[in-house]
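Have a look at this one.
Letters A, B and C name the chains as they come in the text, with residue numbers starting at 1 for each one.
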């Protein structure tokens, strides 16, 4: 077991981090390429303001939190806060960043991290239940939308349990290995799935497929699901 | 024409010569210590000389033999290894490109490479060039408590070797290793045990440069004749094509791939 | 449309593999320079020349001879079928020599000095001649190729000048080639004592150039066949391939009947293979003559060693089988059989160079050399780069034909898509940067973690000696690294002098639980490296049991028993002695505190145990001999140390070095 943990914390971690970093870099480069090609072509108009506006709006989507599908939007917003803060700034992870990247980040308090983790888990559960139970959402959800949520749930739950032995039903090492492997699977999947919106969100306006994240834009996703992908 | 005479009958295998060599050449003693166990014959980039056992009660110091017609000097493509005026075969790290042909060329497997270094060079005994310049004798000969290593003029040493054999014919095999092998070496051995184990060939073995350099020197002749004959054939063919098809025909062979 | 589809289908997978090898090669190249030759290759002082020099350079150059032979046949003699193959032959030569020289940059120790032979001359060296001829010939192949490249790029004037000079280039190229191919063989003449008698021949230069001429023609025939198979099968494989413009998907099958019309280019392949076979038959005669006239080679062949088997296999593949196959009429008519013949001869040629340069030296080196992963990856990475360049040039310039003129310049745009990956891979990312970069992002990290030397470091060898049995002896001879410099240790005498059974803990400072005197080597397992002796997994269970922890899984509660602070790491764990002071008789004479997880090397454990006591008694009892290395090492001390050195000084030396 220890050998597996060593492998998962050593080479496998380097691999998944590498795939994610290179994959996102690739998305970025190719998007910038599209951008400059677009500029060279007849489409002189560049929606800079809109791009900035959209990016900022997603950083603080006040409008969406108060209207439309309020529960889903709020759960999504809360989830994103937890999904960014906990993996990056949890005290146990700081050591890892320092070891692999040589940067020492600030850490958030363990108590705060616990609360945030629980909230994030609950938010993911809300998203999951909504996607399955609400007919409108279900109609526009692809299999990958649901399974990715399950996969995101895994490292959060296993990480929380590994840090809290009192609730942990499995031996610590097993739980820790589940945590490592599921988190690494997620990292590897980032460039190949919709998780790549980490980078692509900024190019939302100019992407060839308008993968609209706005509530209400789901109809287009539904088109994709139904195979009516007219514009490629 | 300096050289060394190693009397195998006197060597007790204490390796003081190795310790002195490590010190004189500024090698890493810990690495030298390690390489004693890991290197097949005990030589490495940190152990430029070693003591090899022959059988169970004989020892012989091994290092560069400083051949009179060195194969490595002939092989080095940048002329980075030269035979200096006093007979020592010396290496110029400023010219070396790291091709390691000298290692392949040496019939005694002497040149070693700094494999673990990021900027690696070849290493071998240079007969303590710097110590000689300071008027000292090589470190190994200086350190030997048994006087098994004599340093001096090669001719003198040869005379000494034959004198020792002559004085004590039962104590030695009547042969001076290095007198003729590979065209002669500056490091000579006398022994009461056969040194074939150390890789010594039969005495009439030719020096390797003597073997290969005639071939190399034929190169300009071969090149010149190939050039002349191809150019001649080219001229003849062109002329005949011109005679057959008129002046344009000669240049259309170039069109190549058009189908 | 169907033609375009066929094009992408046939070469796509090959290009994918080539891209993957290229990216893995780039990682390996970086590691080669970061970690140096020793850590990344399996070369050593006994085997100074390995895969890169022998396979990439010498085999590579031999396989790329077609540039000058076909140049001679087509350009000088104006022989009919060969003149059409001049451009492809020059391309193969250019890429072959380019790849060979590029691989050499990783092999030589100081690659930034690659230009030295131009300045520092040694006209007696074969390698000097090889270097000059190969690098000049590489330039010549580039000049010969440049009119083809310039045709597309414009610059008609320059192209005209270069085309006019083509005849001169060809003649110079032939001269340079014949010189360096003979010299590549002569390189091995300097090792009469080392190279195996089967391959060390006085006519090795002649054998090298003749086999290279034959094998090079064969390789060109193979490339011509493959080119046709990829892009336009009808040209070599005959008429059944394309029916009324519809591509027959099963063209690889054996559906042909006797009436199949021959492909219009088959006679070119046949001419190349036949010419190659003629040359190889001369080579075969020379080889047989060499074998008959050299008694030591005869003896070596009849000795039945693995070398003789290898020699026979090599000769079968390089000469005997190709020559015999070409004699058979159906073989000369079948494109498949011709390709197999050509492939066999090319393989045999490459094998011959590897035999001479690598296998032939094994017996002398006394060890087997198998290239390291990084060596393989760079070897194939360089070849893959040449392969990609080959595809790029034949698809965009008029080398084999003018195909690029007919292809629409279809620019595939990238778009961020969340469609199924397999669909994207198979239908969307057909070519270009998008596909290659997708390969890159998998291959680069994968190559990194599989080749990164620190990940591959083996654990230090276990030098545990069976000391427990020896404890009963009066005197121990301790020689853990088997170098013959054993230390003589009077165990019983020490015990009695220091106070009988009570004194065990003086030296056995940390026994296994419930053990009175655990042998030193139980924990100090490596001679010169630290050994991790702490077993975390076992401690979880032990601590849970000992402290009677509760909960679902008692082990899970055990972390806080040893670790404090936020991060549960080695730094936050408490010292072993806090729990084990009683049961393990722990006294650490060295510094009073035990390193937590690692036992020091056997070497320093021994020294640190004996030396403090010895030096102290040497002073207090005025017995200087106690302080000498030779007191224990009665059979000599490691070189680099004075025999009269005092141990005290030794400790200081070590501390300073650390």
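The rule we apply is simple: contacts are C-beta pairs under 8 Å (C-beta built on N, C-alpha and C of every residue); 3 or more make two chains touch, one makes a residue touch a chain.
These numbers were taken from a predicted model, which means no experiment stands behind them.
Asker: Taking CA centroids for every chain, report which one is farthest away from chain C.
Answerer: Computed centres place A farthest from chain C.
Asker: Would you indicate which pair of chains has the most C-beta pairs in contact?
Answerer: Answer by contact count: the chains B-C.
Asker: Give the identifier of the chain nearest to the protein's overall CA centre, each chain being represented by its own CA mean.
Answerer: If one averages C-alpha positions chain by chain, the most central is C.
Asker: Which integer distance in Å separates the CA centroid of chain A from that of chain B?
Answerer: 65
Asker: CA centre of chain A versus CA centre of chain C: separation in Å?
Answerer: Using C-alpha averages as centres, the distance is 40 Å.
Asker: Averaging over Cα atoms per chain, report the distance between chain B and chain C in Å.
Answerer: 28
Asker: Tell me, which parts of chain C touch chain A in their complex?
Answerer: 413-419, 421, 428, 433-434, 437-438, 440-442, 444-446, 448-450, 452, 455, 536-537, 540, 551-553, 555-557, 559, 566-569
Asker: Across the complex, what residues on chain A touch chain C?
Answerer: For chain A paired with chain C, touching residues are 1-2, 10-12, 14-19, 22-23, 26-27, 29-31, 33-34, 37, 91-92, 94-95, 107, 110, 144, 165-166, 168-173, 191-194, 196, 200, 203, 207-209, 211, 224, 229, 232.
Asker: Residue numbers of chain B touching chain C in their complex, please.
Answerer: 14-16, 18-19, 22-23, 29-30, 32-34, 36-37, 39-40, 43-44, 47, 71, 74-80, 95-101, 103-105, 107, 109, 112-113, 115-121, 199, 201, 208-209, 211-213, 215-217, 219, 222-223, 226-227, 230-231, 233-234, 237, 241, 253-259
Asker: Could you list, by residue number, the parts of chain C that touch chain B in their complex?
Answerer: Touch list, chain C to chain B: 33, 35-39, 43-46, 48-49, 72, 74-78, 83-88, 107-111, 113-114, 116-117, 120-129, 131, 163, 166-167, 171-172, 174-175, 178-179, 182-183, 186-187, 189-194, 205, 366-367, 398-402, 481-483, 528, 636, 638-641, 657.
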